[in-house]
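Two complexes come next, and they have one chain in common, subunit A, joined by subunit B in the first and subunit C in the second.
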Partner chain A sequence: MSLFQRREIVVVLTTAVAVAVIADYWTTLPVYGGTFMEWAVILGAFAMGLAGFSTIRYHIGHALKKTKGLWVFSVWWMIVLAITVLTGLAGLALTFKAEDNPIYIWILNNVYAPLNIAEYGLTGFFTISASYRLLRARTKSSLVFMLVALLVMLGSIAISEAIWSQLPVPGQWISSVPGAAGERGATIAMGIGSVIFALRAMTGRERGYLPE
Partner chain B sequence: MVLRSGRIFSLAVLLALVVLTYYFIRKAKKARPKVRSFSALESLKMAVGRAAELGRPVMWLTGAAGEGLYGRAGNVTLAAMGVLGYLTSLVVPLKAKLIACNAYAEAHPLIEEVMKTEYIRAGKPEMYDANNVRYSPLWYPYVTAVLGHLARERPAAIFFGGVFGHESIVISEPAGVIGSFNVAGTISANQMGYFAATCEDWFFGDEMYAIGAFLSRDPYQMGSLTSGDILKWSLLVLILAGILLSSLGSNIIVQLLAS
Partner chain C sequence: MAEKEKEAQDIWTRILNIDVRVFYWACLIILALPLIFPFTLPIVVTEPTRAAFNTIQSLPEGSLVLYYMECGVGGWPELMGSMVASLKHIYAKRLKFVIVNIGYSVDHKLTFDRIFSLAGHPSARGYKYGEDWAYFGFASGMETAMASLAKNFRSVYREDDFGTSIDQLPIMRNVNEAKDFKLVLCFNTAGGQSWVRAHWTVANKVPSIIAVIGAGLAQSQSDFKAGMNSGFWFSTRGAAEYEGLLKAPGISSARMSALDTMQLVTILCVIAANFAFQMSKRRKK
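Take a look at the complex of A and B:
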């Protein structure tokens, strides 16, 4: 059996880097934990290449197989990708600017941003749809959920104050007192849970994300 | 001074946690601690069975709001990968299709490896299809891609794991409309209400970090959960002491925390 199996190498590297980063945060020792963070970003760039390749392979596969209902979108995706990459490279060649490339900025402002905002707008519709399904008070707990949601909503909208100045008060109290207290308690518990998860990962016990 | 000022108390808490964890791991060797079961895990099992019966796929997806594996919440994405491994182990014997959608490039190789490992472990490496691990970066392309997958492939079970922004509702509500059984696992406090409204079951907060230990049935891992519980109770006592002392005009706890 090999002395260092794949999983063991991952655990040893994880532990060494984690100790350096932790020591960097809590001590003034020259352990250069920040350097590892920079390395992580560089490694992430390689992972971006891998993930990008995977996505291109997925779309090329569907385009070649002419998958029903999908191949047109896959072809369109590749056309848009080619336009973005080529115009980006052209902008770089013309302006010698890797950042603040004017062509990219134009695409970002005139194509990406409006689509992004339009999709963002869907949130409101889906929230209403989900609220309708939830607020049918099928059980005691959904009845409580519904009443609390109603009070919080009344505490947030302008019209409730116009109806009666005291109408928003219960909802605002729920948000700022029990709501905030509960959220802070959950945040503390999550922080502790996260540290324990990290300790398990550093000691090689947490294996859910590790390959064989 | 070697230690950075203003961080001494947090270092003391970390060291206490390390000592406690070590102690309870040693103790767990003799008697495995009792850990309550998670209803969401049973729900996932049931949902996968239902998906296989319906001949529809199962989907696992991350949020797009966090900073991936780089951010402070990177751990929760890793924890969600533990659930991915569990889901894969459930779908393989049932010959169901599992699709993993991901918004973080650095997580992509890990997701591929987790799935591949489970297929190999189940003796079905030929069933693994790399095209079922899908990546779309950033919020808007990710949500669009996932909504497209929902519309075309109509998964019957979805697990939402990781850090979420409002993609929680934008994805989970249409998923409910197509008849998917949704289970969420998140630490995003402001999205929990959305998930409560649109999912059948969920892991909230620190439960997400405990799943791996629970699934492994490894006494070492389960022992580590006990130390977390003890620290939570200790901090609760500290908070109550802080409230009491502050009410009496003493700021000793505040000074301690700031040390």
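Take a look at the complex of A and C:
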């Protein structure tokens, strides 16, 4: 096995970098944790390129295999990608401006933005339809769930305040007291989980990220 | 009698299994009404919005604010109102600001243009680029980038979005870490608020105000109660409250009527569905 693929090397590197970043956060020692973070920012840019590459590979795979129900969308995705990249490059060649050339901006303003907002807006319709079909008092617990949902919704609209000034109070109390308490519990659990994950990674017990 | 009961049972079942297309058309028509005939209802200002207002209001003129957009076009319906209202407040208080975008590589420019088209361009408000405000555009790296910004701004951005070196911008003179900023405004659709909380507010004691979409309410409430943010704007509602405090009604106040109607329709739908469900259950018994 190559030296660079040895698990021990990866674990030692992970531990060294993690210790440096943690020490940098908690102490003023010159441990170069900040340098590793700068590297991570640069690696993040590479990761975006890698994500683009793997997405293209994914869609080419479906297009070539003619995966049922998917290949048409994969082909369409690649056509749209090609149009965006080519027009963007044409704009760059004509105006010497990278991402703010007029052709690219036109596509963003007139295709991307309206579609993105429309997609977001459609969730409102789905939410109403889903609420109608799913928020039903079938059991005692679903009754409680439904009442809480209704009270929270009443707590966030101005109409309820116009009807009676105290009408939104229960909903606002639910979101600010039990809701915040639940969220706090989840946040603390996530924090502890992150620490455990980091410890497992540093001691080589977490194997998900290691080379096979 | 039995036939009549069966017929009635059919009605309840039919109501419960109403075609989804009928639903969507009804929603579209109902939603269009407040847009055609807008109405305004008084909005009670909630504690987090008032706290956000007081925090910005208390900053002395010329204080430097980090205006952090972690939001793309998809976040406009819920966050654009607070982005515009807070910028109007920044203008009114003559605060300096630096815009960064971490998280949305494609559409940060659209968001930037849209905010200025609604709140007014800084130059029209007497702001000079480089001295009173600066725009640094997109940087990759997500949470790591946010943490690095707090430690060493120049490790993430060496030049602004227009290609000018950071050292040639007078606003960035002697500014390189979180402590050089008086406030962070975070317009958040995903993880931004927890990054600001961890690396700016908790670690460096820089106050922060967060604008959140509906799904982020619980976390913002929890952080606000724990003093980990100095206030927040809850979606369109929070922005409409803020516009009220600024006495400058804007897009959020206008949208509230449509939003209220939609929420009311949802509530009525749930009540109607449950009534039909109980009736159908009773008939079956």
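We adopt the following convention: the second predicted complex is superposed on the first by the 157 of 212 C-alpha atoms of A that agree within 3 Å, B and C clash if a C-alpha of one lies under 4 Å from a C-alpha of the other, contacts with A are read in each partner's own complex, and residues count from 1 in each chain.
The rule is short, and it goes like this: a residue touches a chain if its C-beta (ideal position, glycine included) is under 8 Å from a C-beta of that chain, and two chains touch if they have at least 3 such contacts.
All of these numbers come straight from a predicted model, not from anything done at the bench.
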Inset, instruction - State whether A:105 touches subunit B only (first), subunit C only (second), both chains, or neither. - result: second
Inset, instruction - For A:187, select first, second, both or neither according to whether it touches subunit B, subunit C, the two together, or no partner. - result: both
Inset, instruction - Based on the superposed arrangement, let me know which partner A:175 touches: subunit B (first), subunit C (second), both, or neither? - result: second
Inset, instruction - Tell me which partner A:30 touches in the superposition: subunit B (first), subunit C (second), both or neither. - result: neither
Inset, instruction - Could you tell me if A:150 is touching subunit B, subunit C, both of them or neither one (first, second, both, neither)? - result: second
Legend entry - Touched partner set for A:57, first subunit B, second subunit C, both or neither: first
Inset, instruction - Look at A:47 in the shared chain and tell me whether it touches subunit B only, subunit C only, both, or neither; answer first, second, both or neither. - result: both
Legend entry - Which superposed partner A:197 touches (first subunit B, second subunit C, both, neither): first
Legend entry - Common interface positions of subunit A, toward subunit B and toward subunit C: 25, 37, 40-41, 44, 47-48, 112, 116, 119-120, 127, 129, 131, 133, 149, 183, 187
Legend entry - subunit A partner contacts - residues on subunit B that touch it in the complex: 1-4, 7, 10-11, 14, 17-18, 21, 68, 70, 72-73, 75-76, 78-79, 81-86, 102, 105-110, 112-114, 116-117, 120-121, 130-131, 133-137, 139-140, 143-144, 148, 152, 166, 169-170, 172-174, 176-177, 187, 189, 193-194, 196-198, 204-213, 215-216, 218, 220-221, 224-225, 227-228, 231-232, 235
Legend entry - Residues of subunit C touching subunit A in the complex: 18, 20, 23-24, 27-28, 31, 41-44, 46, 72-74, 76-77, 105-107, 109-110, 139-142, 144-145, 147-148, 151-152, 155-156, 194, 203, 217-219, 221-222, 224-226, 234, 237, 256, 259-260, 262-267, 269-274, 277-278
Legend entry - Contact footprint of subunit C on subunit A as seen in their complex: 25, 34, 37-38, 40-41, 44-45, 47-48, 99-100, 105, 108-109, 112-113, 116-117, 119-121, 124-125, 127-129, 131-133, 135-138, 146, 149-150, 153-154, 156-159, 161-162, 165, 168, 172, 175-176, 179-184, 187
Inset, instruction - Note which residues of subunit A are touching subunit B in the complex, please. - result: 22, 25-29, 37, 40-41, 43-44, 47-48, 50-52, 54-55, 57-58, 61, 69-70, 73, 112, 115-116, 119-120, 122-123, 126-127, 129-131, 133-134, 145, 149, 183, 186-190, 192-201, 205-209, 211-212
